[in-house]
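Here chain A shows up in two complexes: once beside chain B, once beside chain C.
For the complex of A and B:
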């Protein structure tokens, strides 16, 4: 009898212990934290570790090579080119998307039936995968079956080859990405614009500011933080460009559109399966992205402080 | 004399007004034309795909290309199931994206709840851990993740696809913002009534969070449904591919028939499109939330 009592008591005190918020919190968080540790933190450390080894996908002939992989990177023209292609894509895509998204948001900020309809339409490409977008555009821009090259040809241009043309391929991919993603920027900027107090516009109007002046002197300063956020996430996202290139050009023609992530992927997951070297390139790309995000974060918070 | 001046000023005033009014109308018409053009640019690729997917192959490859064709057919939608293992792709995508969505809703809201409404040792550290996790791109750690899954024999399994995605830092962040916004006295009153922590969470807090849960649900569903690189790396056999990975590889190989690929592309985006029509505000809310990261 007594034994049962103590076990019940034990059970109760056990329950009471874990039912206190300061202890229960750990139980609530445990699954997520364990998953993040196992499938993100450990692999992340693994990337740095692997980059010091020569290791292939079959784990044969694994050898510690120190910094050799990093040295190799600076002699690997294809790797360095892939970085430049990534930067080129980013410089094409990010400003265009932020401008198109912001202008669309500003133009559609008032809630009328027409505006609401336009917003819903502009968001549709966002839910379409980059893979599907890539398939659509590679057919639509195909010189043989595509409609757009044909129309441009009718206007007297020589049929553009878009994805097959070394100079046109990357801009085409960037335009397609803007088409697919500007709805996200529009949505974020719309939230920011609609949060601006109407009294600011009223007083600007009383001072005789026209619509254009209002946009540049009232709207823009008010949405700077959101604008900065969009630029930052876009920059970081563009630096990881992969899907749309993989589907449309696969890095071609002649590696002219190969992005950094794509180079990492093809180095690691196709012959010669150099996981160590691919990890070194991934580490370098990570450092670039980390520097970008930290510095733009610092710059934005500095700007915000200045404006107050 | 005085009366005449008054008359003319009134006249000038009214012409000014009608001019102003006319300008406004013209401006609104120009605005609508520009927006309609933009709408056309956004919609045209989809319409073109949809129309072409119902054309006969010979009408697709004809030159000069026509937007409309005389005859339409369902044959691409029938042939696609034989040319591409599409049924398998659909099944894999539904299982992967669906299960990931359901599990991550539970885990993300649990963690978000703890971070928002409980006081415990190391809370700030955990919070910063989640915030930093949000900024780490997948491509950086995909190679060791592949090795890890390979060693655990989890490549080409649903478990292997689902578990690493079963929680996201963004989801935790989103749920935390939601729970921070709920009134403080709710859980205090419940605690006085003798409800335990789990019941407070499930019976009181979660029902109040339905809108955020919906937004997070469509957000994770879309992300995983559309993801390419992640399933591409964690699956190696054709029978485990998801829609994007399968279609990408299929178009990567030389396309011999365009029609079935077009039909496949339509089928791959149809489910999300239908959900979007009914739950549009939740999609938009998810995007808007991502803009409030700070």
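For the complex of A and C:
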């Protein structure tokens, strides 16, 4: 009898322990932590480990080379160029998307039938895959069979080569990405804008502020946290750009659109299958993204404090 | 111990990176074997995604139904791009299929890394007549004296021309160009037809055309020992200048176009002349394009130079001996006259089995017999060189792009030569 009592007590204390909110929280977090551990932390450590080795994808002829792969990066013009292309894409895409998303959100913030319809329409590209969007844009912008060059030609304009032109290719990819993703930014900003108290606008109006002044002096300061979130997530996403480039230009013309991730991929997963070197470039990219994210986060927090 | 840990770390990192980069590329299917009623199931990966894939499916289906060796082939067809991405990680993670059909250009690096089985004993099997295989086709799969691949298909680059556009441009539709110079003359005439009509297309990833052009002009990619680049030559410059003049200066075709885009132009009937492999035939027929096919143009009339390429069956080292026996059964079936004839006639492919080549139906087929003519004198390009795939992707294709974009051909050539040297030295 006593034994049974002890076992029941143990069970009770076990459930009591995990029922406490501060302990239960860990249970709720556990699935995410496990997923993060297995799909982010361990591969990250694995990548860092591989970057110190001369190793190919077949794991033959493996040799410890210390920091050689990192040194090689600074002598590899194509790798450095791919980093610059990534930064160029980020500078084109991130501000454009945040601005377009915010303006669209502000314009569609009032709940009317038209606005609700427009929000749904602007969100449609988000549910398409980047690969599909890439194929659609490749066809639309193709100088020989594309609809957009055809229309421009009908108006007597010269037909730009878009994805085939070294200067136009990256801006074209950035425009396509903005079209594809600005629905997400718009939705986040819309939620933030709709949460602003109407009394703030009423006060501003009483003080004689026009719509433009209300937007810059009421709306923007109130949505700074959401704006910061959008800037940071877009920044991280843009620095990892791959799919749309892979589908539309494959890094061309003349590697002018080759992004860092694409370069990592081509080094590691196609001939010459240099997994160690690819890992070193991936590690460098990781550090750059981490520095950029932390800096942008600190800047936005500072701005938020300033505005308030 | 350390190697084991590295391998585990590597597999995790490789799979994670592949997951990040290629989220859209579908799932990797592992090889499997099931044993019911002593049936051996063998998994087979290849990249025949076009109409040739339908013929292949039919052949596999027939084999599965009729073979008496209790073998079942389970096939996974994917794009060649996807294939080349999945196979290396599959091999490393022990998830490779039991056998594959692979392009000859890609084989050497797999063999160099010890991932492919020696298939030399295939020809020693009863019912396999080694002498029935064309020697050049058989030798495509020989690396360092060992047979790693058995032919599945042989091919070359052929000249396609649109007869309708030839007529419109005032050219004889039954007289295609025989030399590169004639090709340039005809292409210029066709490109003047307007309405987005192109004379000739040189894809920026058209290394197969480039290698043929270099060879025809007497240029060499590598030196005799294949340890140094031999690209820096007047013949290479001549080849680069020819392409630049044709596309960039004379504008007879689109600049910066991929092979797939060039294929679409030919299939849409707006391209006069094009060089490509046999796989274009089915699409042209389907689109009712009035076209002709001939052996590849030459530097001088009467020359007979061409590069032999193809696809071969290979077996990863992870495949067990019992499954290897089952694979041989299928490969043996593939290399029968009946199957060879079906594959050649339905896909418009040159035969490599003598018994197929001598068949009256094959001889009567104008397209197939034209292609077979070229197979007679075509030779493989640096066979068994493990660096060819890397050189093609990272040196030759980018150089083609630069030449077509109007860059100085001498500096492109010198830079390409330097890069080839760097690749060969392993840097």
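Definition applied: the second predicted complex is superposed on the first by the 268 of 308 C-alpha atoms of A that agree within 3 Å, B and C clash if a C-alpha of one lies under 4 Å from a C-alpha of the other, contacts with A are read in each partner's own complex, and residues count from 1 in each chain.
Basically, a residue touches a chain if its C-beta (ideal position, glycine included) is under 8 Å from a C-beta of that chain, and two chains touch if they have at least 3 such contacts.
What you see is a predicted model, and the numbers here were worked out from it, not measured in a lab.
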First (chain B), second (chain C), both or neither touched by A:107: first
Partner chain in contact with A:286 - chain B first, chain C second, else both or neither: first
Which of chain B and chain C A:195 touches, first, second, both or neither: neither
Which of chain B and chain C A:136 touches, first, second, both or neither: first
Which superposed partner A:53 touches (first chain B, second chain C, both, neither): second
Touched partner set for A:270, first chain B, second chain C, both or neither: second
Contacts of A:252 with chain B and chain C, given as first, second, both or neither: second
First (chain B), second (chain C), both or neither touched by A:35: first
Which superposed partner A:24 touches (first chain B, second chain C, both, neither): first
Contacts on chain A seen with chain B and repeated with chain C across the two complexes: 39, 42-43, 45-47, 49-50, 129-131, 144-145, 240, 242-243, 250, 261, 264-265, 268-269, 275, 278-279, 282
Complex interface listing, chain C residues touching chain A: 3, 6-7, 9-10, 12-24, 84-85, 88-89, 91-92, 106, 109-110, 113-115, 196, 198, 204, 254-258, 261, 264-265, 268, 270, 387, 389-390, 393-394, 398, 401-402, 405, 423
Complex contacts: residues of chain A adjacent to chain B: 15, 19, 21-26, 28-29, 31-33, 35-36, 38-40, 42-47, 49-50, 104, 107-108, 114, 118-140, 144-147, 150, 179, 183-184, 187-188, 190-192, 225-226, 229-230, 233, 236, 240, 242-243, 246-247, 250, 261, 264-265, 268-269, 275, 278-279, 282-283, 285-286, 289, 293
Complex interface listing, chain A residues touching chain C: 39, 42-43, 45-47, 49-50, 53, 55-60, 62, 129-131, 142-145, 161, 164-166, 240, 242-243, 250, 252-255, 261-262, 264-266, 268-273, 275, 278-279, 282
Residue ranges of chain B in contact with chain A within the complex: 31-32, 35, 38-39, 41-43, 45-46, 48-49, 52, 60-61, 63-65, 67, 107-108, 110-111, 113-115, 117-121, 123, 126, 129-130, 133, 135-148, 163-164, 166-167, 169, 172, 196-198, 201, 222, 225-229, 232-233, 243-245, 247-248, 251-252, 258, 261-262, 265, 268-269, 272-273, 276, 280, 283-284, 287-288, 290-294
